[in-house]
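A short write-up of the structure that comes next.
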Amino acid sequence: MIIALKRDIRQEEKEHLISWLESYGVRTHVSEGEYQTVIGLVGDTTRIDTDLISGLDIVQSVTRISEPFKKANRKFHPDDTVVQVTDQVAFGGGNFQIIAGPCSVETEDQVETIAKAVKESGAGMLRGGAFKPRTSPYDFQGLHGEGIRILLEVKKRTGMPIITEIMDIGHLPLFEQVDVIQVGARNMQNFELLKELGRIRKPILLKRGLANNIKELLMSAEYIMAGGNEQIILCERGVRTFETYTRNTLDLSAVAVLHELSHLPVVVDPSHATGAARYVKPMAMAAAACGADGLMIEVHNDPKHALCDGPQSLTPEQFDDVAKAVMKIRKALV
Amino acid sequence: MIIALKRDIRQEEKEHLISWLESYGVRTHVSEGEYQTVIGLVGDTTRIDTDLISGLDIVQSVTRISEPFKKANRKFHPDDTVVQVTDQVAFGGGNFQIIAGPCSVETEDQVETIAKAVKESGAGMLRGGAFKPRTSPYDFQGLHGEGIRILLEVKKRTGMPIITEIMDIGHLPLFEQVDVIQVGARNMQNFELLKELGRIRKPILLKRGLANNIKELLMSAEYIMAGGNEQIILCERGVRTFETYTRNTLDLSAVAVLHELSHLPVVVDPSHATGAARYVKPMAMAAAACGADGLMIEVHNDPKHALCDGPQSLTPEQFDDVAKAVMKIRKALV
Amino acid sequence: MIIALKRDIRQEEKEHLISWLESYGVRTHVSEGEYQTVIGLVGDTTRIDTDLISGLDIVQSVTRISEPFKKANRKFHPDDTVVQVTDQVAFGGGNFQIIAGPCSVETEDQVETIAKAVKESGAGMLRGGAFKPRTSPYDFQGLHGEGIRILLEVKKRTGMPIITEIMDIGHLPLFEQVDVIQVGARNMQNFELLKELGRIRKPILLKRGLANNIKELLMSAEYIMAGGNEQIILCERGVRTFETYTRNTLDLSAVAVLHELSHLPVVVDPSHATGAARYVKPMAMAAAACGADGLMIEVHNDPKHALCDGPQSLTPEQFDDVAKAVMKIRKALV
Amino acid sequence: MIIALKRDIRQEEKEHLISWLESYGVRTHVSEGEYQTVIGLVGDTTRIDTDLISGLDIVQSVTRISEPFKKANRKFHPDDTVVQVTDQVAFGGGNFQIIAGPCSVETEDQVETIAKAVKESGAGMLRGGAFKPRTSPYDFQGLHGEGIRILLEVKKRTGMPIITEIMDIGHLPLFEQVDVIQVGARNMQNFELLKELGRIRKPILLKRGLANNIKELLMSAEYIMAGGNEQIILCERGVRTFETYTRNTLDLSAVAVLHELSHLPVVVDPSHATGAARYVKPMAMAAAACGADGLMIEVHNDPKHALCDGPQSLTPEQFDDVAKAVMKIRKALV
């Protein structure tokens, strides 16, 4: 870490800062420039809070050279992490999976029909929302426990592992038989929830927050890993920008950056990022082309219920077309 | 609500959409244009999810004319809501308060010293963090229950009502004697928490999320109000932009917009928005000048502990100067 | 266009607005709702300025249903526009081209070496900066006329058509023999320049501004087309967000949206978007996969001069690798 | 400047970089850390392009400690610059001015009526658009030369100095008698125009671009100052964010930051920032409260023509109310 100090600061302020820094067990290396003093920190700086230092009156700027995340850092774990969900289903290290299913779980029939269709088309895992984060308290909030029961029933019948979103620590017991627990964008920095998920031994799919940068996503992964749970799948699902034609702006360069900074697998959710079914195919193909380890795509079975499944959902036929196109791209990569 | 359909859509699709819309108890009013059909909805459209409709293949665009929030809406409650914390301390309807205190609670001495100083300078309420949302799992996470105990002890000695942040529903019992519960920016859309806070009868200070727009802030307030708790104080604390000189970009026009759209009081937190003590005074004065109903300012007592209190904190002397300047502005408004 | 009025507005205000609107030759269609009046406009609304109307005291909201662009609009020109640069080189309607070359033109040797290498690897067109938009007045500003002379010389020797950026109307005469004129992101809304380029008959590559949305990009294309020059190539090169790991955030969903809204070809510039050579390959592959009509990639010939060519430049060997990967993706699309 | 290199880089790459850096006349100071090498640069680093270095394969990160701007930098010019427009009208160093006038110049009557009214209310300077940057080629583009003639005529009759926007170098001769030339947000990085304005001796009002950060604004000022013209007034007019209730998000903390980093005066334009007349008063008051050196406010004379003057315009009566409120705030600052 490099800390540049302002000009004309008092000697004792400088010494106070240095001794405080060294109290964190790092070595300091001071060089006096013409206009300012620069302090270099060597050692484990992960426990030093840059935000805190950067705003001190005597400090001009702070740059972190070694990232603040350790367990998620490729520098210390060069090999890709492979998240093994079942014997057949894995993410990372060359393993690619498509997760598909309805936005929200409605009925056993609905979920089973979709599950069988997407499995037929090549999906390896079933998604479905039981707890729905909705901007409005007046919108449908999901079937909760009953929704998870339906997913587990369909899992039994189809053999597909399931993933569903958790919204509160209190609901954790309901997720015991769920294969992968999803943390949604709005909860990416719900730190109490992340800590709790660090204590269990189950893969977590962690979605990037709407306005969270790549470093913050990795720090949230670090929260879970610090607790001992290292089975994490990162998910890019679009960030919030000034653009309004798409619901969010899908940041595919994040896939390349995440693969460089971290050893964790990265999947892409083109359905939520674009908010419109007609953009899912091109974005799914682009995600596969830039090296994503998987995709998460919304599918609904029945146009009549399209309204409940949301605009970003594909029909099983459309999904089949997308899956085939994605597989073509995957082949071209070899 | 106005729904514009695409050209050349099949009649049954149109009818299916209309009948679905009417199933929500709204009246529809269809006008056929040259290039498209436009459906106008009359009645209570709050339960209709625009996101959902806007992405349908047959829909070109959706505009909500009556906002999706009702209880927080000034249209239906013209008079300012006054949040009465104690007999002496109120927000809104002409009542202005400065909330001051340390970023995080460390010791009884620290909190008491700061409390007495800021009260002397005119602060009406004491703030202090017991549970700290930290980006890094390796940063200090707060004293938790012990922190709240200290705040309550200092409340007893100084008579100042206290506000502190909640991070998880499970901690709610610890907040029984807390005067105002704060929901932080990262939890603004932690809907399960919001619902729970709707069930209690205690003022809530709801901070705007880093990337949440004004409508979403009011929808989160609506979540709490829908549960029956209408004592809500909104808080503008900066949004995330491309600018890096300040930690966030303080959006003071939000104060004017919120006062227009809603009857709820609005306070401004210049400390977290700017992330640097030297910008707190000008932004506090600006906030007072544009009609904020209060301010939330970080104060630390001891330069030696500045590092623990964070860069955005003022010394009691600096706070006294800010408070005097703010009061001058308040007088100029009369 | 749909204009929603506020409640309780005076009749004459409403009538004044309606008569003013009709003075633009559109028909109005008024429907009175419970809480507001809604005015629907039918006819050619392109000449009506929504920004202007949306802020009127009596107006609550304005939605444009038919886009404000006509000549660039696929609705009125269903077929893809093919921009034919030379007999061999075309963009759009299935034609895909890679534009490659140095960030800035330095010497004839440099440009010729790069040109021959990238042509060998499959690039169809040569790029090179003669006029460089630099954030700092102290940075290298380009060779200007001499740079263009060099490009034309190399064009003669290699037969590759050339593209280079214009920064001021006054320089236009120097571009007479240039095949395609580039308008950079910073000049996307330099409307005087756009008008001038509408008067010439030469393909224009129009880059999206750092903070301009898709509609504004198409409105800038409309400026050029309104003057009679319809040979326009749109270019996505990243938008500005809060993310700092990449220089900008490449918005690949814009490719899909632009192809839906407009008939103009769309190329992608992964070099400037990411600002780092190591991200160019995955983003180039992703761009090809989502249907871009071409790529614009920076290449430098000599690692020793890498510093002058910029961090986002590839070596000819790296470019060859990228070009081969992109061609594999293109094949997979068929 | 601090350059952190990656691990395991070849010695000759390191030496090549160092020798290249020193060729710019700076001294380098290398310290070898555990995980990387850090190079500190001492001396005048303004000519070194950080963007360029930061993307090099061997470089991990670059921090500029001394800002890249010199002439605009308060570090080298501690005293406020006072821009003296006339004997009576100055900006900076305690001088505060309100610039008022119509969005666009229509008729002599219109401008004269407004000018006399706003002068009466305390405005020191008259604004009016002759060349209008419009997003759509179909919108009114201004009266051009005739507009400037009208402004000069009204200047003669009222004695108010005038400011109007330039959009192209070619129009410069028309601006000979204009007192202050405005560079609009869209031209903030039209570097050819900035260079040209550096050659004249006339105050320039430089507006911040919609997506330009504070450093870029100061670099654009540096462009003009590098040419020898140091009479620059900076203008904050809102930046583009995800928020849609206001046209842009007014960044008032920029006023405090600019005053810290630079000696140049800073004015605020609440009219364009918010895009709605009803938000102008609170934002004008806030701007005055946080230390702005002036305001730029749109005023139209005739509600019947409100539509042509734009939604953000005030009536003379409303302006009088705003001016009085602003003056009250100014008094409170003393």
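By letter and in written order, the chains are A, B, C and D; residue numbering begins at 1 in each of them.
Everything below uses one rule, namely that contacts are C-beta pairs under 8 Å (C-beta built on N, C-alpha and C of every residue); 3 or more make two chains touch, one makes a residue touch a chain.
Protein names from UniProt, one per chain: A, B, C, D = 3-deoxy-7-phosphoheptulonate synthase.
Note that this is a predicted model, so its numbers are computed, not measured.
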Chain pair showing more contacts of the two, B-C and C-D: C-D
Chain located farthest away, centre of chain C as origin (C-alpha): B
Interchain centroid distance [CA atoms averaged], chain A/chain B, Å: 26
Inter-centroid spacing, chain D versus chain B (mean Cα positions, whole Å): 31
Gap in Å, rounded to a whole number, between the CA centres of chain C and chain B: 39
Length of the line joining the C-alpha centres of chain C and chain D, rounded to whole Å: 26
Sequence positions of chain B contacting 2 or more other chains: 211, 240-242, 244, 278
Touch-based graph of the chains, sorted into line, ring, star, complete or other: complete
Contact set on chain A toward chain B in their complex: 16-17, 20, 46-47, 49, 51-57, 59, 68, 131, 133-139, 167-170, 186-187, 189-195, 209-211, 216, 219, 222-223, 226, 240, 247, 275-278, 304, 306-307, 310-312
Contact footprint of chain D on chain B as seen in their complex: 211, 213-215, 239, 241-246, 249-257, 260-261, 273-274, 278-279, 282-283, 285-291, 328-329, 331-333
Residues of chain C that touch chain B when the two form their complex: 2, 4, 7, 29, 31, 33-36, 38, 40, 42-43, 60-61, 63, 65-66, 75, 240-242, 244
